[in-house]
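Each of the two complexes below includes subunit A, the first together with subunit B, the second together with subunit C.
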Partner chain A sequence: MIKYIIRRLLYMIPVLLGVSLIIFVLFNVVSGDPTAVLLGKNATAKQMIDLREQLGLNKSLFAQYLDVVKSAFTFDFGYSWATKQEISKMILQGALPSLCLSAPAFIISTILSLLISIFVAYYRGKGIDLFVRVFCIAGMSISALAYILFFQWFFAYKLGWFEISGFEASFPELISYIALPAIIWIVLSIGPDVRFFRTVILDEIYQDYVRTARSKGLSEIKILLQHVLRNALIPIITYVVIQIPSLILGALLLENFFSIPGLGGMTLNALNASDFPVMKAMAILSSVGYIIFGLISDILYTVADPRIKLK
Partner chain B sequence: MIKSIVSFLFGIFFLFSSCSKDRSFDERELHLISPEKIAGFDPIHASDNYSANEMGKVYEGLFEFHPLKRPYELVPNLAESLPLVSDDGLTYSFKIRAGVHFHDSPAFKDGKGRELKSDDFLYSLKRLADPKLQAKGWWLLDDKIVGLNEWRNKYVAAESSNYGDEIEGLRKIDDYTFSIKLKKPYPQFLYALAMPYTFVVAKEAVEHFAKEFLNHPVGTGPFVLPVFEQTNRIVYTKNPTFREKFYPSEGEEGDDKSGLLADAGKKIPLVDKIIVDIIVESQPKWLSFQKAKADLLEIPKDNFDTAVIAGKDLSPELRSKGIRLFANPQLDVTFFAFNHDDPLFKNKKLRQAMSIAWNRDEANKLFYNKAAIEAQSVIPPGLGGYRKEFKNPYIKFDIDQAKKLLAEAGYPQGKGLPEIKIETRNETVARQLIEHFAKNLDRIGIKIKVSMNTWPELINKVTKRQHQMYTMAWGADYPDAENFLGLLYCPYSSPGSNGANYCNPDFDNLFKMATVLQDGLERNTLYEKMNEMVAVDVPWIFGFNRTKFYLSQAWVRNYKFMEFNHSQFQYLNVDLEVKKELSKKF
Partner chain C sequence: MNTNSLWKDAFFRLTKDKLAVASLVIVLAYFIIAILSSLGLIASGWSQEVGASNLAPSIDHFFGTDIFGRSVIMKVIRGTQVAMSVGVAASLIAIPIGVTLGALAGYFGGWVDDFVTWLYTTFSSVPNIMLLISITLILGKGIFSVYVALGLTSWVHLCRLIRGEVLKHREREYVQAAAAIGGGHLRKLFRHILPNVSHIIIINTSMQFQVAIKSEVILSYLGLGVQGEPSWGTMIDDAKLELVRGVWWQLAGATLAMFFILLALNILGDALRDALDPKLKGK
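Right after this comes the complex of A and B.
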């Protein structure tokens, strides 16, 4: 397994080279000159030329690409062009609020969805199953914006149960700021999660080994929890683990509406300000995140199903 | 079972509620909203209004605008008086106040803020020119001060700039006096010295915090912010070592009656704390104000009809809470600019036809709640050069006349005219406005294609002259029409601020003459002439001078709209008794 992990980690090298190339082409070649935006509405032509020189935009394209590759492998992202802040510090400051919202919301929504899925799989074909499916589809059909606007107005403003917006890193004040966006996250996630988990569980329920277990006289609930769920875990692990890197990247809409100073808002600001170093850092970090969590999900397969060997 | 689940959930909700902070009635706190994130606290980069507002709480300049008098009047702030100006109008001598101290900071030897000296101003102006810092405010001093451009150019390719170099135009006379020598008359110079770009910083702080300086503001201002973190809340506290500065005892006519002079002679700042929440979206801004978690609010467009009845009166619900409404005409202008590089737009009749084919009255109702003023030309009302009696003949909606002009332009009913592409920002209202414009022009046979862009894309197209037309708004940097007329001055063509690339030698000559004249009748006459010249020439399709609507809670005292409001917050006050009483209603 060690060999497998090392090999997968080595795969990161070509992946990062590819990602660096895509980022470089997208932001340096396609998006054009950022100096006018960076210098503001009164920028002079001379100042734009000087800034291009200072930012290294006059270097050959290959030399500029090498700079991107270097930062992708050293994780030294330098300073933001727009805010002049150190990017690693910006990311650290933004990651905490993003995780404060996304981590508990993600864990609760995953557990809740799994429980609901097992419940409806147990009562498959019955009224409650139909009701949950209709409820999930109806829930998914409503835009996230509608949930945010209504929940914020009703629960925070009308009922006053939560803060309308803002963020406090200290506990327990944090709860009153994070609870409402976290609830919205859960409501938004339950629909697609339950539909996916239910399908995966039902796929297993009709397998031969389940019929064997039934014929041996095992109870339906025991079959569901001990046998079906264990075998259904592989796609569930893939589905869940691969979402983890996006938790760090934050939830743009929720962060914006609830004034949570997370990474989602930071990335959007960088995009609007032609802040290439910040966009580059976020793109590289998310690709690394996806590679690492992809590897973790592979390792978890072996835990969920000992028949799987990583070679 | 269900009963216990419900009780558990209610328990959690009560826990949440108990975590919320109650309103404070012990300290005079001012709660404000900023709709944009602040990048940092380095004055030389404070190019947008929101950053400028934050700078003004901790940093100060030589001059500031009087908080009550209109038209805007410059008054000494860190300067002891207005400067002495040499006969040729080129050398300005400044005397600064003695006994002013920087905020306490670890940047200073014993942690105590040292006294402000004239060296600090010379250092701060050099920072603005430092090519290594690429200040957004450099345009203010570019080619203005003797020797400054040379100093800047000397260090463009160097590792670092030497601040110890002598510059002919920046001279220290003594610890409290210095002079600035200009290359040519620059009548707007004192305005430049009231702008956040030129606010004074301490060399020790810049060197001590180095790259982190922008997160450790050390100014002389009325409020203190020891560390700025990239959160969505900024909390300023009263500067305990702030000098003796007092609320003005005179203002405009009627200020006394409206209570704006009630604090006359009191030491400022008048509030103990300012809390600025950064809220981007309209709904949370509006709800926060409704819950009295914000004391001042620019009414979001979506909530305008809820707050204001018939476009001018406050809704009874808000009035019952003591909330006040302020309608504030802006020093700004919106426009559709032609790119005059395009041979199509050399045709003046075409430009005129397009201008009068747009129904501005309808646009005003649709997009500005009928509260905007139709822009007659480039200068907005309230500035010298704007003549109330002047009516632009090419902004009055007249479809028949538009058709006639279009035929005279050589395109009867739009025949032979290619589709015209207009670039705009990727924003709902901007798109709707262009669609309205396009619908109007379609009536005379002109086809418009809308091109949506992110802000960087739009700026790129304009600076590289890759646009055919674009739409934008321009807000005043200082109260002088030169700031608007320069948008049509040929030498400022793209990548400069004249994105229309409009060149009119007569206009340019007048501009050159006017910009070296001091404020007065002669200059205003030239401004009027230029303003009316371009109105007829239609280098842009003039849009609107907009009005902003603000709401203020009943307990906020001394609020009067200021276009350049970065120093205003020290004059605001909070009436705790009224706040305590009225808070029950929220």
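Right after this comes the complex of A and C.
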């Protein structure tokens, strides 16, 4: 087990080098000279040379790649081109608003989806099951943008139940700002979540051990909660855990629509301003999160299913 | 069993599923609309004024008009062309990359496998949306960047599936038989193994097509996608400011157009999986 974790941790190194390579190729090789964009049309040649020097763009390509790699291991991303602030500070500031929205929304939507899936698995093949399935597929076929626009217009603008946009970091006021984006998040995730959880649960329901449990005279509820759910837990854990790093990134679009000063909004601002260092930082940070939580979900396997021995 | 009978069998099973047939018809209809539009046979006059600004839907103008008095239904049709072209282009880029790398990795194993596994692990470690917006930002706004960005992100899943499946088939008797009569590596891989795993490509493409359409809409909404042409994404972007003035038909037009194609692809994808992968049937 310890050996496995160490090996997986070591495998993070080539993967991080690879991620740095993708980001380096995109932002330092393919992108061309960003100083022309940054200085505008009236830039003099001298200004451009000075700026290149300042941004470290006149180093050799290999040295620039090493800079990207270094930032992936030290989380020191330098300064934003647009706001001139230190990026690691900007990320720390943005993380809280992002988590205020994404953490409760994620927890509620996961629990709710799991409950709905167990419920429809119990009534599998009946009308309610079909209804929920149709509802999920139909719901997933509507653009996230359409949900956000409609909900914001209807519940915040028309009915005035929530604030249209903005954010406040103090507790009771916070709710009126994040409630609506959180509700939209939940509505958006329930479709794919229920669909996945339901499939996983039904995969188990036709197994022999379920028949055995039934023949012992166990109630259907007990079979579902104690036997089926326990076995369905492995794919559910991967599915849930792997989503956690994306919580830090927040919901790009939701934060943008509701003017929440989180990391998602920050990323989109950086996108609009061609602020390469911030884009690179967010790409690296989210990749590191993804890699770490991938490892965590693998380790959780052994907790959920002692039969799996990681080698 | 030869390959033909699997495909025939699958087709037969698919035609028995009325919902799947209806979905197939919808998908084909979208393709026809997209082709006709790209040939300039329909909706070529989308940029012309057909009436007053922001007319509500009526008999004359099914989906009303936008702020410049252009027909919303024509914009929806042009948007269909953009969306379908993105799906096709992304598949055309992703399938050769994913299949080749996956097949080589699964068949040869060893360092080839190590390299390909590293490559797709690396690509899948960067969250899709970050990779998409970065690539389109760097390559410059426009539909071509969207094609490349989606192509470069959607091969990963296919590659992993093909690798796993080829790995399973490598040791099967029919491959040994091919080796016994003197078949080389390339012959075994491309003539014998690939046809037996090719159903995965179809199932995966029907899923990736939806992802491509959804991503195009978001990228276009962010202003990274198609320029100077209507797209469902830019129509939704327009609607952002129009909704407070009661102009809902651009949003409705784009959302409805997107709804039917995504719904059809969803149902068709499930039906294809059931028909082509009989082992999964009943689950």
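Worth a mention:
Here is the rule we use: the second predicted complex is superposed on the first by the 308 of 311 C-alpha atoms of A that agree within 3 Å, B and C clash if a C-alpha of one lies under 4 Å from a C-alpha of the other, contacts with A are read in each partner's own complex, and residues count from 1 in each chain.
As a convention for this text, a contact is a pair of C-beta atoms (placed from the backbone, for glycine too) under 8 Å apart; a residue touches a chain by one contact, two chains touch by 3 or more.
Computed from a predicted model, the values in this text were never measured in an experiment.
Touch criterion not met for A:Y122: it reaches neither subunit B nor subunit C.
Looking at the shared chain after the overlay, A:W153 reaches both subunit B and subunit C. Legend: residue contacts after superposition of the two complexes on their common chain; A:F106 is shown touching neither subunit B nor subunit C. By the touch criterion defined above, A:A144 reaches subunit C but does not reach subunit B. Touch criterion not met for A:F24: it reaches neither subunit B nor subunit C. When both complexes are overlaid on chain A, the residue A:F197 reaches neither subunit B nor subunit C. Contacts of A:S246 after superposition on the shared chain: subunit C is touched, whereas subunit B is not.
Legend: residue contacts after superposition of the two complexes on their common chain; A:L271 is shown touching both subunit B and subunit C.
For subunit A, the partner that touches more of its residues is B, with subunit B and subunit C as the two candidates. Touching of subunit A by both subunit B and subunit C, each in its own complex, is seen for residues 31, 149, 153, 157, 271-272, 274. Residues 13, 15-17, 19-21, 37, 39-40, 42, 45, 47-48, 131-132, 134, 136, 138-140, 142, 156-157, 211, 214-215, 229-233, 277-281, 283-284, 287-288, 290-291, 293, 454-457, 459-460, 462-464, 474, 477, 495-497 of subunit B are the ones that touch subunit A when the two sit in their complex. Those residues of subunit A that touch subunit B in the complex are listed here as 31-34, 36-48, 50-51, 53-54, 79, 82-86, 90, 93-94, 97, 149, 152-153, 156-157, 160-167, 169, 172-176, 179, 256-261, 265-266, 269, 271-274. Contact residues on subunit A toward subunit C in their complex (touch as defined above): 14-15, 18-19, 21-23, 26-27, 30-31, 137-138, 140-146, 149-150, 153, 157, 199, 202-203, 206, 245-246, 249, 252-253, 267-268, 271-272, 274, 279, 282-283, 286-287, 290-291, 294. Taken in their complex, subunit C has these residues touching subunit A: 118-119, 121-127, 129-131, 133-135, 137-139, 214, 217-218, 221-224, 232-233, 236, 239-240, 243-244, 251, 254-255, 258-260, 262-263, 266-267, 282-283.
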